[in-house]
């Protein structure tokens, strides 16, 4: 660990920033771009009452599955609760042991991005005339009706990247990019699981996808989605 | 010009898509990333009653300056009307010969991005308590007051890129990126002035900044900002 | 009457995917939903001029990889291995849905539980279930210029999926333009459903019996081309 | 009384930039406005641990280039040639302002026409002018954690710029935390202006005479270190 580097000593020390009751972003889309080692680390802590923001409800064999089973999660905010083989989530939900906030996927991504952009909400047509619109303010602009959706921020983001430099500048591989860049922008504290560490300046400034100012700590773990 | 390529025969033919009364985005920030050859081409047409969206009011020695002088522009939407040496704009404005919509720069970028994202507006604190807030709806979210700002789209975008492939996938150099990527997303028809043409597939998918689906035509002209 | 159609006359999922692939026009940007719709990638020719969008951030998705050539970081929206077509670009989730909501999808092919005569689509929650998977469907169906519903004509219980009014929770109102089932191709018009094509060996009266809404018959009615 | 301070006692623009540079702390992300503030880049040490943000999309701006080493595509917000520091990242205009509004700027240094005792900033339009340059100032001043106003103590006409209430159009309310002038360093507190430092050879009574609001004097008052 070089001086001034954001590299964490290990996963447990990086996860020391997470507190009971935190709202936590999990990057990824299914297993693709999901910070599996960090989530596995989280499932070994005794944290309680977490709210997890993740695209899906978690397959049983994923880190999110273990975390659900441990009872650490009080609420999930997602677009796709019943992933293939997500019996743990289903059972908890049907038993009333976990709260679910169901959000259309584009609205979910945009709510996160809106928080990261320091805004107070946005108007979308997505969900008009559906259950999703219930309880939300509708606003007319230019003769068209929209739903007001609100920003979604987190205390901590656990993300997955391909390369990281000591300042935390990130690149992603293939479709493992997905939710990771917007989540980095909207969390108070961002921890990244990257496949490879590179020297500062090795990644061209124009090729960096997530600027290091959005990253607090990183660990190096494995390559590719699991 | 290969088959299926979006390369235009020349600048005048590319500009054939522009009509009287159009709203036109000009990419760039001052001369940096500004599609000078396309704007110069525009100043040689007989188009009238254009609305131009540009960060600034145009220096006298820029393409925008010539275009202002020609009387083609009825309105400018910008954040910084008095650029260094922008006497032409100043004179027209003071004579009441051109309309000005002054927009804070972050709001301008976000209004364009909001249009490109298919949304109906967003809430920002920028401009609260200032002249900018006059006539705009204020909305409270979570006990905080925001201004509702509306999407800004264009009929045509004239943009500047570094590399382009035959499908229109773009990369930018240095700070010449600025407004270009968001403008590409929010225009009905996008014309690009690029420095270099590359083969399809030559730019890594993860390094492309503007996907080719946002580009309708391109011309190759010069290198570097002028 | 509903289940009178012999199993061997029903189009297979693969045959339906082939038929949908024929419908995709050169120059189109198309989103293919998870499950049956995404099978269509197998039958879209590399020279067909179609750009396939995957909601998890791929613009230019190719066919499934050959066995042994899977890349763990290149997945489709169902988290299955896929490939990048020549000229593909990668974006994050918020940019991916900007494209979808922003009017850049010429067409989306989505699965369906029910479609009404006015083109309302239901595909996210069965009425008996407490919740369901929205995923990207609401955003994509709201934003795409045309929505193709691709589904079996009847439920597993033999109930018609083409109905006068939805009885399932709505995904998006008035969005479906064409329906591809295992026995028919049907357009959704201002005057209700119009039968355009039938599976070889299936009679018009059989399709009518399997449809819980008035079904007009096109003057150009033909067999589904295989 | 206002103009009693001898010309040779006034800090030069360069001296003011040196003083502001000293104030920037390791780990800070700092936006430097066009004109005098951006001069500060000349005096920020490469090892000072400060990341300079330029609104036109640079995160990690370096000092001005040496003569002959200018890159036309690397410009600051004043469209002047600049450089990229080691580890810089480039983003588009909407992402650049996401950073600014999103609470990622520890500090912004902006020019000022007037600052009020409650920290209201005026810097975009002179009352006599029909319009003015907003640029990025409203977004940046709204979003930054601290705003430093960097300006001459008096206008060219000898009018005080530090006032009880703004008489010029407001840029952003209650944002300025510290003021760096050519004769003093002043903090903006709940109890009004507090004089922290004076230029060598300038008396406290002179600063008071040049300030159109009550001016408390810090117990730790010292000369501006040079």
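Note that the chains are named A, B, C and D in the order they appear, and that numbering of residues resets to 1 at the start of each chain.
One rule holds in what follows: a contact is a pair of C-beta atoms (placed from the backbone, for glycine too) under 8 Å apart; a residue touches a chain by one contact, two chains touch by 3 or more.
All of these numbers come straight from a predicted model, not from anything done at the bench.
**Student:** When you check each chain against chain B and chain D, which touch both of them?
**Tutor:** A
**Student:** Looking at chain pairs B-C and A-C, which one is connected by more C-beta pairs in contact?
**Tutor:** Greater number of contacting C-beta pairs: A-C.
**Student:** Using C-alpha centroids, which chain lies at the maximum separation from chain D?
**Tutor:** It is C whose centre lies farthest from that of chain D.
**Student:** CA centre of chain A versus CA centre of chain B: separation in Å?
**Tutor:** Chain centres of chain A and chain B, defined by C-alpha means, are spaced 33 Å apart.
**Student:** What's the distance between the Cα centroids of chain C and chain D, rounded to whole Å?
**Tutor:** It comes to 57 Å between the two C-alpha centres.
**Student:** In whole angstrom, what separates the CA-based centres of chain B and chain C?
**Tutor:** That gives a centre separation of 36 Å.
**Student:** Could you work out how far the Cα centre of chain A sits from that of chain C, in whole Å?
**Tutor:** Their C-alpha centroids are separated by 29 Å.
**Student:** Specify, in ascending order, the residues of chain A that touch 2 or more different other chains.
**Tutor:** 110, 113, 117-119, 124-125, 172-174, 177, 205-206, 209
**Student:** Spell out, as numbers or ranges, the residues of chain D touching 2 or more other chains.
**Tutor:** Within chain D, residues 84, 90-91, 94, 97, 100-101, 143 contact more than one other chain.
**Student:** Chain pairs that touch, all of them, please.
**Tutor:** The set of touching chain pairs is A-B, A-C, A-D, B-C, B-D.
**Student:** What residues of chain D sit close enough to touch chain B in their complex?
**Tutor:** Chain D reaches chain B through residues 54-58, 71-77, 79, 84, 90-94, 96-97, 100-101, 125, 130-140, 142-143, 169-173.
**Student:** Hey, which residues of chain A end up touching chain C in the complex?
**Tutor:** Spelled out, the residues of chain A in touch with chain C are 29-33, 79-82, 84, 93-94, 100, 102-107, 109-110, 112-113, 124-132, 162, 172-182, 209, 224-226.
**Student:** Could you pull out which chain A residues touch chain B in their complex?
**Tutor:** Within the complex, chain A touches chain B at residues 110, 114, 117-125, 139, 141-142, 144, 146, 148, 150, 171-174, 177, 205-207, 209.
**Student:** Looking at the complex, which residues from chain B come into contact with chain C?
**Tutor:** Residue positions touching the partner: 4, 113, 115-119, 165-167, 169, 185-186, 200-201, 205-206, 208, 211-214.
**Student:** Which residues of chain C touch chain B once you look at their complex with the stated criterion?
**Tutor:** Residues 29, 49, 51, 59-60, 84, 86-91, 94, 97-104, 143 of chain C touch chain B in their complex.
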